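Which chain is which? They are A, B, C, D and E, in the order written, and residues in each are numbered from 1.
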Amino acid sequence: MLEPINVSLASLNIMTLAPMLIAIVGALVILCIDLFKGGLHKSLYVMVSLLFLLLDLGAIIDFGNGFLKNGTVLGMFDVMLIDGLAIMAQIIIVVGSMLFIPLALTSKRFHEYNYPEYFALFLFMIAGFQFMVASDNLIMIFIGLETASLALYTLIALHNRSKSFEAAVKYFTMGALAAGFFAFGSMIFYAITGSVEINQIALALAKDEYANIGFVLIAVVFLLAAIGFKISMVPFHTWTPDVYEGSSAALAGYMSIVPKIAGFVVAMRLFEFLVHSGVVWLQVVLYVAVVVTMTASNIWALVQSDVKRMLAYSSISHAGFVMAAILIGTTQSNSGLFLYWALFSFTNLGAFTMLWVNRQKNLLPGQSSDHPYEKFAGMVKTMPMAAVVMALFMLSLAGVPPFGLFWGKMYMIGSAVTGGYTVLALIMALNSAIAAYYYLKLIVFMFMKEPMPGYEQGYLLNASLSLKTIIGIAAVGTIFAVFAVNPLLKVITLFVYNSGY
Amino acid sequence: MFEAVAFYLFATLTIIMFTITVMTSQALYALTAMAAGMIFISAFFFILGADFLGAIQIIVYTGAVMALYAFGMMFFDTTRTLVEKRSNPRLVVVLGGLAAVLVVLIVLAPIVTTNINAHYPIDPSVGNSQAIGMVLFTKYLVPFELAAVMLLVAMIAGIVLAGKKMDKSLTLMADEEIALMHASSTQNTEEGAH
Amino acid sequence: MELTLNHYLVLSTILFAIGLIGVMRRKNLLMLFFATEILLNAVNIGFAAISHYRGDYTGQMFAFFIIAIAASEVAVGLGLLIVWYKRTGKIDLDQMTSMRG
Amino acid sequence: MQEHILSILIFFPALAAMLGFVVHKDSARAYGITVAAIEFFLSLWLWHLYDPMTSGMQFMEMAPLIPVFGINYLVGIDGISLFIIILATFFTLIGIASLTETRRVKDMIITLLFLEMTMIGVFAALDAIVFYVFWELSLVPMLYIIGAWGGPLRIYASVKFFLYTFTGSLVMLVGMLFMAYFYYQATGQWSFSLLEWYRLILPVNFQMWLFAAFFLGFAIKVPMFPFHTWLPYAHGQAPTIGSVILAAILLKMGTYAFVRFSLPLFPDASVAFMFPIAILAVIMIVYAAMVAYAQEDIKQVVAYSSVSHMGVIILGIFALNVEGISGSVFLMIGHGVVSGALFLLVGVLYDRRHTKLISEFGGIASVMPRYATIFGIMMMASVGLPLTINFVGEFLSLLGFYKQSHAYTLVAGTAIIVGAIYMLSAYKKVFFGTVTKEENKNLKDVNRTELLGLIPLVIVAIWLGVYPKPVLEPINNSVEAIVQLMHDKAQTPEAQKRIPNLAETGTMNSAQEAH
Amino acid sequence: MEIYLYIALFAPLVGSLFAGLFGASPKTVITGIVTSGLLFTSFISSAILLSFVMSGHTVHVEMMTWMAAGDLYIPFGFVVDQVSVTMMMVVSIVSTVVHIYSIGYMDHDKGFNRFFSYLSAFVFSMMVLVMSDNFLGLFIGWEGVGLCSWLLIGFWYHKESATWAANEAFIMNRIADLAMLIGIFMMYWSLGSLQYDVVFANIGNIPVEVVTWIGIFLFIGAMGKSAQFPLHTWLADAMEGPTPVSALIHAATMVTAGVYLVVRANPIYDLIPEVGLFIASLGAFVAMFAATMALVNRDMKRIIAYSTLSQLGYMFVAAGLGAYWVALFHLMAHAFFKALLFLGAGNVMHAMHDELDPFKMGGLKKSMKWTWILMTLASVALAGIYPLAGFFSKDLILEVAFVEQHYILYTVLLLTAGLTAFYSFRLVALIFHGNERHLEHGIHPHEAYNFVLFAMAPLGILAVIAGMAFKTPYYEMVTQLLPAIEYHIHNHTVFWIMTIGTQLFVILAIAYAYKKYAKAVKVDEKVESGFFYQLLYNQYFIPKIYDEVFSKPYLKLSKLAWKEIDLKIVDATVDGIANVIYRTGEKTHTMQDGNLSSMLRWMVIGLVVLLVLAVAFTAGYNVVNLRAM
């Protein structure tokens, strides 16, 4: 017979679940509201979501304070792991979501916002990501990942046009394959260590001194493929441009930020101990992967004719840039990752929101995608402010100081230098230069060309106060990032350092 | 010995079934073969003493999943022979085979197992389902609940996507059309109320 | 001849590879989804076997959750297929190339 | 206010530019002139407050920016930067004043004011990252100016300009981060402060690498051969004002950075790279002069002449002695004035004829005598006639380098010959001879607005040629400090030999006089 | 006395600026008068200074700092000593005369005001050149006169040949200036100063090789300005400028700056007699060389220009042999009579409507009596006939060569003296004697304005008396500064034979010239088509050679540098790199073909690649481990 297990409630640390639970409850509340009275305006759901996200954020910040006092907290039979990474990633996830959700309040009507379920799924997805980052149990990570992904596929498809279905199906199918990779990789790790918890795996591997090196590598290969898919590492990136193009610009922007930070955290948890374990193979492979991801996506971005697709490739490149942090694996680089991503989220969300604002419902004859470069031609003449703001985001993405992303880039390159990866630092720098070309291309179109007939009315068609607010926030965040960098860096370094990374 | 015989038998069967699933051009064959393969897999679970898992495998896969697929097949009208364009079939086989060979090469090696200690050791005296339940509702309580959320998400997703509301796309309609549609729909409901 | 964990792992690998071939080969999306099920099932065998040979329940847990995930995926996947099919009347993925480059 | 004068100088134009969005476009030019004039007088006031006898930094301001990573808003000027700042404000004023027939003049003025901020920022920054920020930021307004107001190839030219410089400076950024890392290793603290960096003595092999990294960034900006090809396009396509600012100020960033960064940070590497760089400089001088001679477009002649003159500046900097460096800093100002004026002059012609092809002109001197005179004066300044501003700089630069190498100086000195060749032949083709083209017969001479821009330049070009002391003296004092610093930091015997010890030479001189 | 110095120096500048104010406006005689007046002031001041200097003083002022950087300190310092005051006198006299002359000469020219502005600016530059107390100050003047020369040669800028000549002059001078700069650099780095007094005081302390190089470079500088071979071609072409310019710049003052430099730098050249000998030899060569070219030329002004060149050669011989005072003396005398000659030529040109070919003139002595007299006077002086100026200065140089026992030089110079006499009187004969050939061309000559002739008169007087009257006081004054070496042939017989012989030789040459050209002009086809005639007529083909060897290849090379190297190599590389990146993108972005199947395949490919790497690594790892075991 089994012994009854005595578990004290206190040792469970149920509070570790609070943020995710808030999100889930929020989703359920939305579903319930719909149950009682259907057909309510989307603004209600937006605000409800926003409220719950605020609560969520509050809870996380509370954790943050707790973390600074007590350090890492484990909960729920050590499934939950609330360390600095988890907290910061959750903050980015939630803040990113909070910036995203008001984008539903467009002046045009789009299909997805007719569904209360859209907002519910959105909150579920956030919960999924939060679980994913707040655990080092592979099972937990896997389920969190799948929860979030399944919700995300649906959100994409709900845009309801053939391109978005195509995007969703592609994403889904590849996601399923990646899920298979993840499962297989976990299995191998389990086979050689008898555990599915990353720290246990690390311990076990260290104990037997990586005797099963072949198995380790196989496991790493599969997990790298799975996570590489999530953070769109070349050649697992192929979904990215298509999915971004197919989904609404707002969601595309969201996808470029939130799911990826979750992926990065998992990657950090999974790979950094391996990088530090002295497995040269992983260093080399990661090195190559980082360089290829950065460079190849940059090169492909050069030849895009659609701005959203270009931004998709550019976000791949940024992801590659940030992957370098994991390769370098110092406290500085890991802090750099978070700093970069925090700054990146503002800028990139701003850029995608600018596209979202520009969204027209029906394509003009000869227009094959939503946001061809030509659409932006001569924008400075028709919409000077919008053009300036868009240019601002582009410059920030290109890493022109003193705009947001520059500081992230600088810190990342700095960490590469400090970590002894000088050549990598140079490659990163040169890639920024290549990238500048395609960002510049948009600026060239906006500022140096004459407006194209037919597109003039397209600008700001979709604008509404909330969209403009978001753009404003993003713009302010991008311009004055320099003043935020110091406090951010302080906090991030503290969190990262105290989490043992 | 019995184990070995059973293993090889079912291994062969599973492989054959799954190969059929993958290679046949008849959707129905594929479906049937996969269902069979799933059942054969449950046999492994029973061999390995994971009774609960075996049961779940049969219920969930062969029951629910296969039923769903069968339903899907009917919906999509793909019972007849499929014509699939094959591009570069050799590459596919080479890649698949290579992946298999490479992993097998490694996996064939004996695993050094000196330092593995079971966190949740199997106690032969306890029934599998009971033990599973014990672990599931302690250690894996949160994942379990999250899995529930996931299923909820999947459900909502399925309902929403397959729902009638998806038939007309607001995204593609001009504002005026939407307004018109709304007007007519409210009219309809009003009429219905009458 | 004693069965070892390696036997099961090899089996798992072979099945996984079959799944991979299916994923790469199939153009019919529905049948492509079959292949993804094979992938997960292959892994399940591995987990059950490890669980057995290590005398640890965690493997079975993982397998359990994988089954749950597989089930959810089917639901979402079919939902997506249905909207796609309703819109285009096809589920051939060669028809699905409006975005490229 | 005096303590914050540099910050005011830097940010006043930017603030004014922001407010400029509100100004009605008809009044934009007046607004621009007002702002630029205020800024110019502020910079003159800065000069007035500046103590020429002190060699160190003055008007230092510090504000924490990212102290965790050692980045602070740190500005200050010495004699080297002071005058380039004044030059920048001066040219912005003149540039805005000379905007008469520009489309979308308001945009242009706002852009120019932003550009002014970045220019002053670059020269006032004492923190490497702040420097870098302004350095990169300056590309953006220039990109816009070339790209929006330029000629037919403007987009190609502007993008080329941006990407080329951007690439170089990113490599430089890596160098800066490396430098900071060294500082961190040495002191346990992060710092990007130049003055802190000055105190570091780096191992020679690291100096080499870092020098190379910085060099790439600076060399592209200068632009040094073979990184110069963006310049002709940029100049050829840019509107007049763009070329003026580009030639007068932006190019100086590169040479200024050599003096500010490369020399004092890497004295040994500077000595080691002296001859390779001298070779490049000599190539620049002679080759660019030859290419200038072959040009068919008068603006390109001036553009390539810039490359040629920048070669002399580089040579002077790498003379590594007070004479050479002071001379090249002075030549930076001189070349700024002269090439700026020449571009303005070409612009005058372009405004009237909308072509810059030399073959389209001829005999202009008889149609536009005043114009021809001013052009002639500036041309003579450009070829380095004594008592014009360029001579002082050129003479000192060459004189300085002569100490290091006789042969290189001899070849580099051909600058005064080849310079005369392309300048005089271009002048001859445009101004001399008889008027052959019907369109040229009724060209109007320079009008009052144009004179307003040109006369001050003529005055400066001659005034500083005759009496360079007010400018040269502060430069000299600051350069002496740098040279002494370099000497004190030099490790290799070669470097110790090449870089003079000022503390000793004084005695040596008196000893010589005793003979 | 400083006030006089400043007046002498700045009066021309004031005049120039004054005239410049009216530069673009039509003729205003006032500019001519004012500038002339100011120059006269300058002349008076110079004269006062002269008397002051004669009394054994010198004036040395330091106006202000010019350049100071590092150890370099260069002030605007001026010195009036025995040498510079001589030059000042020459410059101010000749320029005053030329200014007044020009009022008449430029009477009908549109650029009247501009002309006076330039001319006065030139005088100012020349004053700076001669009065500076350091080498760089001298260089200011040096370049300044170059500039003015450029402006004035190209004064009639609508003439292609004029502007071409102007540029040629400027650029050629620049070549020499570079050498001079190098000399200055050397001086600075070896002596630490550029002040004359410091340099000359310390020059002995530095290695003689350095001194040699300094001397060579400075002399190359002098060669440019004084148009010595091989930098001589510009001088003849410079005759495109207005004739007063030729008189002032290209005869009397600027071209002698080179001689002045050598004289000024005598402490340097004293230390390096080899270089001095080279200078002298080159001078002698040029004297002969130029004289031969003058023999056959058919351009009045060019003939005089070659004669100038030839006389410069004489001066260099003297300077090179250490007879600095002699060089300076000849410089002075030559300035007077050569300027006179040019001004006379100007009158003739005016009368002949700018005709320059003396073969198209003749018999002008009737209509232009005074001009005839003055020009003949000048020619006699040039030929060195006793008791005119040339005799005292030029024959002195012959004596120097003889006394210094450089007999070859002596012979060359002697021959040249004969040639000089010949071509001078060939010119006089062709212009003023014989038939009035110009009538065929419908030209009716008239004498120049009276005031013009009057202005020329002082030069005429000086050409006559300068040698006789000034030699002794000049010698006494100037040798306070320059080495006082008296050149006497102690053997009286030799002396008399030489003097009389030379005189006879010269007179014979004159007579031959008159005989050949005074009556009728016979064009001897045979001679003219002969090799030597062609050689001389084409100036030894040197301009052509320069054109072929330097100018054209330089242009070609420049075009090559631009079109081939800059555009096709340097720029193409940059664009090439960018294009390669872009093309790669264009070629490879098709791997994203939008087909889900291929996307999945890419994922699997990625996986397999990683697996291959993993297996390879494992294998390698195991092998290494096994070996280790």
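Here is the rule we use: a residue touches a chain if its C-beta (ideal position, glycine included) is under 8 Å from a C-beta of that chain, and two chains touch if they have at least 3 such contacts.
This one's a predicted model, so the numbers in the text were calculated from it and none came from an experiment.
Shared contact partners of chain D and chain E are A.
For the pair chain C and chain D, chains touching both partners: A, E. If each chain is reduced to the average of its C-alpha atoms, the one that sits nearest the average of all protein C-alpha atoms is D. Contact counts per chain pair peak at B-C. Taking the mean of C-alpha positions as each chain's centre, the chain lying farthest from the centre of chain A is E.
Distance from the centre of chain C peaks at E, each centre being the average of the chain's Cα atoms.
Chain A and chain B have Cα centroids separated by 27 Å.
In terms of their C-alpha centroids, the spacing between chain A and chain E amounts to 77 Å.
Centre-to-centre spacing of chain B and chain E amounts to 99 Å, using the average Cα coordinate of each chain. The geometric centre of chain C is 95 Å away from that of chain E, both derived from CA atoms. Residue positions of chain C with contacts to 2 or more other chains are 5, 9, 16, 19-20, 23-24, 26-27, 33, 54, 56, 58, 61, 65, 68-69, 72-73, 76, 79-81, 83, 93-94, 96, 98-101. For chain E, residues touching at least two other chains, in rising order: 578, 589, 592, 594, 596-598, 600-601, 604-605, 607, 611, 614-615, 618. Annotation for chain B: residues touching 2 or more other chains are 91-92, 95-96, 99, 103, 105-107, 109, 111, 113, 116, 118-119, 131, 139-140, 143, 147, 150, 153-154, 157, 159-161, 166. Every pair of chains meeting the touch criterion is listed here: A-B, A-C, A-D, A-E, B-C, B-E, C-E, D-E.
Of all the residues in chain E, the ones that touch chain A in their complex are 578, 581-582, 584-586, 588-589, 592, 594, 596, 598-600, 602-607, 610-611, 613-615, 617-618, 621.
Partner chain B is touched in their complex by these residues of chain E: 597-598, 601, 604-605, 607-608, 611-612, 614-615, 618. Within the complex formed with chain B, the residues of chain C that make contact are 1-11, 13-22, 24-28, 30-31, 33-35, 37-38, 41, 44-45, 48-49, 51-52, 54-58, 60-61, 63-65, 67-76, 78-83, 85-86, 91-92, 94. Of all residues in chain A, those touching chain B in their complex are 1-2, 5, 7, 17, 24, 31, 76-77, 79-80, 108-112, 114-115, 117, 120-121, 124-125, 127-128, 131, 137, 139-140, 143-144, 146-147, 150-151, 153-154, 157-161, 164, 188, 191-195, 200, 204, 207-208, 211-212, 214-215, 217-218, 361-362. Contact residues on chain A toward chain C in their complex (touch as defined above): 138-139, 142-143, 146, 150, 153-154, 157, 160, 162-163, 165-170, 172-173, 176-177, 179-180, 183-184, 186-187, 190-191, 194-196, 241-242, 245-246, 303-305, 309, 369.
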